[in-house]
Amino acid sequence: MTALLEARGISKFFPSRDGKGVVRAVNDVSLSLATGETLGIVGESGCGKSTLARMLMRLIEPSEGQVLFEDEDLVSLPKSAMRQRRRDIQIVFQDPYASLDPRMTIAQIIAEPLDIHGIGAKAERAAKVRELIALVGLDPSAAQRYPHEFSGGQRQRIGIARAIALEPKLVVLDEPVSALDVSIQSQVLNLLDDLKTRLKLSYIFISHDLSVVQHVSDRVAVMYLGRIVEEGPADTVLGAPRHPYTQALISAIPEIDPTKRKAHVLLTGDPPNPENIPQGCPFHPRCPIAQELCRVEIPAFVTSGGSRARCHFAGRA
Amino acid sequence: MSEHALLRVEGLTVGFNTEQGPVRVTEDVSFELKPGHTLGLVGESGCGKSVTAQTIMRLLPSPPSRIDAGRILFEGKDLATASQREMQKIRGDRIGMVFQEPMTSLNPTLRIGEQIAEPLMLHRGMKRAQADEEVIKVLKQVGIGNAERRLLQYPHELSGGLRQRVMIAIAIICKPQLLIADEPTTALDVTIQAQIMELLKTLQKDLGLAVLLITHDLGMVAEMCETIAVMYAGRIVEAGRTVNVFAKPHHPYTYGLLNSSPRRAKKGQRLPSIPGLVPPPDARGGGCSFAARCSNALERCRTETPPLVPQGNDAAACWNPIP
Amino acid sequence: MKKLLFSAVAALTLMAAAPLAMADAPKQGGQAIITFNNDLTTLDPQVGYDWQNWSVIKSIFDGLMDYKPGTTELEPDLAESYTVSDDGLTYTFTLRDGVKFHNGRPMTSSDVKYSFERAVNPATQSPGGGYFGMIAGYDDVAGGKATTLSGIETPDDKTVIFKLTRPDATFLHLMAINFGYVVPKEEVEKAGADWGKNPVGTGAFKFVEWVPGQSIKLERNKDYYKPNTPYLDAITFEFGQDPTVAVLRLKKGEIDIVGDGIPPAQFAELTADPANKDLIVVGDQLQTGYVTMNVTQPPFDNIKVRQAVNMAINKDRIVRLINNRAAPANQPLPPAMPGYNPDNKGFAYDPEGAKKLLAEAGVGEINTELYVMNVDPNPRIAQAIQQDLAAVGIKAEIRSLAQAEVIAAGGSGKAPMVWSGGMAWIADFPDPANFYYGILGCAGAVEGGWNWSRYCNKALDERAAKADSMVKDDQKDARISEWKAIFDDVTKEAAWAPVFNEKRFTYHSDRLGGDPALFTDPIHIPVNYDYIYAKDAQ
Amino acid sequence: MLRYLAKRLAASVLILLGVSIVTFGLTFMIPADPVTMIAGRNSTPQMREQIRVQLGLDKPIPEQYARYLGRLVTGDLGISYARKSEVAPLVASRLPPTLLLMLGAIIAELMIGLPAGIYAATRRGRFGDKAAMTLSFLSVSTPQFVLGLTLLYLFAYLWNWFPLGGYGKISNLILPALTLGLAGGGWYSRMMRSSMIEVLRNDYIRTARAKGMSEWRVVMKHGFRNAILPIVAMIGLDVGIFMSGVVVVENVFGWPGIGQLMWQAIQSLDIPVIMGVTIVAACFIVLGNLIADLVSPLIDPRIRLR
Amino acid sequence: MGDTWKRFHCDRLAMAGLVTIVVFAMAAIFAPVIAPYNPSEQFFDGLTLEGSPLPPSWRFWFGTDTNGRDQFSRLLYGARTSLLIGIVANGIAVAVGAALGLVAGYLRGWTGAAIMRLTDLMMAFPPLLLAIALAAILKPGLNIVILVIALVNWVQIARVIYTETVALSEREYIEAARALGAGNLRILLRHLLPHLIPTVIVYATLGIATTVLLEAMLSFLGRGVQPPTPAWGMMIFESQSYFLNAPWLVFIPGAAILILALAFNLVGDGLRDALDPTQRGRG
């Protein structure tokens, strides 16, 4: 299985707010995605998962590293060629309110990628738009309406229709269901699943919601402070987590069963600020099993059974 | 219903005047909360749960909102008819409230200490210096270390979790009887969510608070609440003891809600989902609002609004409940 | 050599007689407040050159000569007497005794010499230095080659002798002009660049303080050489006072004189009010309002066109436009000026005749520009002229600009027509010569000059020079009639279209008394402060 | 903070340098020959040449600019053509009244604009709101000279509440400050209204209400401080806006400030004075903006100076 | 489009404003037909014998001015000038300011910094001096007035648009457009500009009154429209000192400016609402 997308040691550094230092929003991340696969990326806010996703499709220029898409380095592509390449990589955003231009009709929004890439004649485009509207399960009357007239779930469908209009190979889904109600969430997740099969898509699925990620992903990467701390097949990583952070994440989820009230593994404190990443293992200040070693040495990946975890004591908790 | 309820909402109907005429956002909402108990008011966005919470506090601007019917009995007093002056005495003193967005719910231009001390200054007539002692105490109570330094910080210097703790501190500083928590963890990360949840539980136990928890997260209700009321399209569709409702929901909406969560779904399978959309307040006709999305709907459901009646171990508003 | 002896006492008796006509006898004391819209620029007599400056400078400083109050009649001032040589090239002045500067030092002949040299010295940048071009040695000083005027001798402290390079009948007037006022050298040097703000003179009033933009305060010079003069203990000039507001203030009794005159908007109302009968004084001034036509360029190089313009303008209507505050003019000289010819009727209003002349001139359609200063009422007058010109087929676009720009446009010869109102020409001294060289003679028809018509008639210039060489007393009448003839010819040449001679209306408070002529003094504009008095003085 | 200040000051110097270049260039284009203006009506060619050399006008333009800049740095603004005296002390003596007038106008603006804006915001959509906004619109659209004269006529002449003119007492300041500030007050009331409406939508306002605060205290304590921020930024710009206004207002009220000086200088094209006033005015405009920027973080601690 | 008009049509205040503007525009266009007199004709009996202007009468509806001209006719012809100045000068300023602000806010970097420093410079520079210099170089007249006003007025709107563009550029739908492969031009024109239209409209309409007043200010400095061309601001300026003795000279053109400004304001508000699709379906 050759990789559709491969990131090699990509990092993103921003100047810090006081202008003195550097914020390492994403630090030396490598990952790969096979065709037809769904890679889930989980982590708390500020862990760099959205920045990573945007770098993978070069919406943000990486400070370091390469992004190979079908063995072509996107980072070194000239701008015009990159604009062409965008046909193959599309994105669905978290906020269905903010990502649709409120002054465009649904038809205009969905037709926009076709316009930009000059696909088809006018009538063909209109037909394609109708087709897409139907495909994502919206009423044909939606075409002439504006985004604010729709509910969150419907808007997310519009966003999805726009993303698949160009028949891309890869779709980056940046928290596609986080803003949606539970009953709608499941509709959209089902739709994504349908489309994946029908259009032979590959997904990068970013979410903070472990249960959603677990449900949709083939493989999962857990991020903490700009780095991947655990990565591997979804069932392994989420079913038998080896990194204490992954374990804590899973433990924090309340069980939907009042009879199974559990004792959470409570992490102390907040995720530290990316402007001020601790020495040694970045997780050690909050880690329930941290030892002296963790304070001084950054752990390397420890591979075990198809998954890898960046912990000195992986799997020993 | 018991006589010693701290809060009893009876038939609360709230309407808004819009440009297109009046619209009802909640209808005939009734529930009660005993001292020291926790009630979870669950539902999806737009179901009227936040309106209900804010109406109890009488925080909705009027106009355009108005209470069309019903009573809100708090410690025997009907808040629905109380004057703003009377409400000002109750808010922040007898009833504390925590909101969803800790990022925006604190005044960005005032120091934390000042904001926490305000209810004491308002209701206890304390001076700032006097209040500070209390503030430090309550900061420790909500788990904020280094309280003396925090007092002088501004909200933007704190993380989301700390801000929500500050919000809780504001809500409890006057030792209220009732805490209304409106989606208190929704905007927070999972690990922080768990912390706040633990904090609320601890406080409830320590202070004997009654908590009205407004949330869309069934998991949270499962963890925290003895009783639950599920709202859909402005009405309570199912209510009862949490264990009973979770174990055996009678209303198809509650059932769908519980099952559509990926936490309960099997990997690789399609998620059970409720088809269709929640009707907006101005498009709710007669009959059961859920009928259009309901697979069990009867002819009657489309014409007659079902009342909330006892079903098994709890109560549901459905003509064709799941047995 | 004929000695002309003027008695200073004569002037005083005249003045003493005048107030008798008034109900109150003048008393010493009291004060007056005069308002101006614009702050003064300077009180340096060698530098100041507009009427607001002049009025204050005249009260602080004195020259060798002056005019009898309220008239245009010359009399000696700091000079007790003078003599003129027969060839008119030597003037000998004997200075008055007991004249002291405000700093207490007696004034001497060397001060006089210093003052004239200062006026001519280019470092002073005096706008009036050129007036003294007839004094021997002028060229060397003006050219920066010398600092002392060889033509001024001071044999003793009381005698000043002027040697001229040519006879000049206006010389005595020049001895009365501000640029020749006597300043104390030590004070000038002490103050340096600030001299213009800290004047020390010999005049009736002593400078007290100047708050820039707000006020200037003067107090009575107790050592003034003229006994019992002035009457007022103090004068305050307030600046930055919009005339409209100033009128309201005068009505309320807050101020005494509206220095800028009555604003057009309030004129009709104020003059109609019988209560103001004694408070508004009317007088002539040495002023003509005229339109210049650049004779060096078509179409105004054609005399017929110029005459047509003269005939086209309806002066009566323009006079009405400015509330009848002027009399229609038919020649360059104002009626109060010696040399004015009442028989010279100029060009009568005759649009039909103008059209005929234009047809004869055969210049076709005329499109031209009329420059005007942008302060009321000048743009209105320009519009009236514009309408009159349009009626005979001359299209004139109006260029309404700031004063300095109009002057620049006129001086550079860029402006085909200029309406002179608000800028020029109020005579510096009451002599027809002052109405000729700079504004109608070849001397002014240069880059930066004030002869905006660029009219240069060598023959007339020669006649003018000849007239001004008639300096003897018995030639006075002959000289004036020669000037009359010159101006008759200038009128015919129609380089200007004279429009009106403005009158002065001074509005003063009931508190002030004095001969009405003092309130419209032709030289001391607006008011001769030295002789008015306060009725409420104790 | 110091870094920021240094950066801002450097930028300010650049702006002022730009102003000096533009001013220098523009005054060169004004077709009034300084020599003519100095020499006056009776000048001779030799005098004119002397003056030309004295002014350095015979030098090439870049050299003239360099000299001008050199003098500027030492605070020398040149010699007035009309007054033959130094411009710097002249401008300096006229500056305090103008600054006082501007201060008065800013106070007037705020005293009119803020209460009107707050009032309108709290009565949004009702009669009081509409009335306040109509008045604010009128005040924005009234010509200053008409307003000034009307105020003078009514309050000073007819009713004797204030003096008709003059300078030095507070009573002298009120009418001119009102005239200068009324239009700004109109703007501010609109800004304050929309800003307050925006602020009152915020969650922390709800928090304040949930504490049991009275509506008045909510608006004044939690609303006001947040709502005033955009106005603080505007006050910095006021100095520049007032620079045109003072020309009119100072003329009407006989206020001895640089507006009058400028107006006279424009009439007589006294270029050194025009340039001097322009440069000094630019300094104050730049300073005004700087102060506004420095004050903003005091009001809103989230703002960082970078 | 039809929808926009329909909603605008329903806004009674906006319609009133539009009708007023149309009436004014008609008056301006058909001034030669409507005006009872030539606006430049100075009647010999248009002044009293003392030279004072005449108050409104049957012959002169709005009285005469200080030159004895019919003020009603001048007002009609003045509408031509004032509308032209208000619309063209302000229009240029708004267009230039919006374009520069948009480019600066979107591109930021070097170009943006250069444009914004230019606005700083313009802010620190008294517009008066600019007016004087420009009018001195070029022939004074209507063109200069328009040019000066445009040059002076673009700055503020450029800054406002800049700030808004910077904020808008952070919006996710801009990122979405880039993700689709949209180029800068497309993003500027399709995704940024439409959102700035409300601000532009507000400035374009609010600016009308201040622009007409600025024209009066230029007249005050002798840089305005050259007489005898009537313009409202100039009419007020010319007669300002007559406000006590001949109030009609000041207050009638003043009222005209005010009414026009108010009308534009109402239309602006109405247009802003009508153009906003988020208001759609509510009205």
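As written, the chains take the letters A, B, C, D and E, and residue 1 is the first residue of each chain.
Throughout what follows, a contact is a pair of C-beta atoms (placed from the backbone, for glycine too) under 8 Å apart; a residue touches a chain by one contact, two chains touch by 3 or more.
Since the structure is predicted, the reported quantities are computational estimates derived from the model, not experimental observations.
Touching subunit A and subunit D together: B, E. The most central chain, judged by the distance from its Cα centroid to the centroid of all protein Cα atoms shown, is D. Centre-to-centre separation between subunit D and subunit E, using Cα means, comes to 22 Å. Work out the mean CA point of subunit B and of subunit C, and you get 90 Å between them. One simple way to say how far apart two chains are is to compare their mean CA positions; for subunit C and subunit E this gives 46 Å. For this pair, subunit A with subunit E, the centres built from the Cα atoms lie 50 Å apart. Residue positions of subunit E touching 2 or more other chains, listed in rising order: 132, 136, 221, 241, 243-244. Of all the residues in subunit A, the ones that touch subunit B in their complex are 44-45, 151-154, 181-187, 189-190, 193, 208-212, 214-215, 234-235, 248-249, 251-259, 261, 264, 266-267, 270-271. By the touch criterion given at the top, residues 202-204, 206-215, 222, 225-226, 299-302 of subunit D touch subunit B in their complex. Subunit E makes touch with subunit A in their complex at residues 171-173, 175-183, 186, 190-191, 194-195, 276-278, 280-281. For subunit B in complex with subunit A, the touching residues are 44-45, 159-162, 189-195, 197-198, 216-223, 242-243, 246-247, 256-258, 260-265, 267, 270-275, 277-278.
Residue ranges on subunit C touching subunit E, taken from their complex, read 243-244, 263-269, 271-272, 317, 320-324, 374, 376-377, 379-380, 382-384, 386-387, 397-402, 405.
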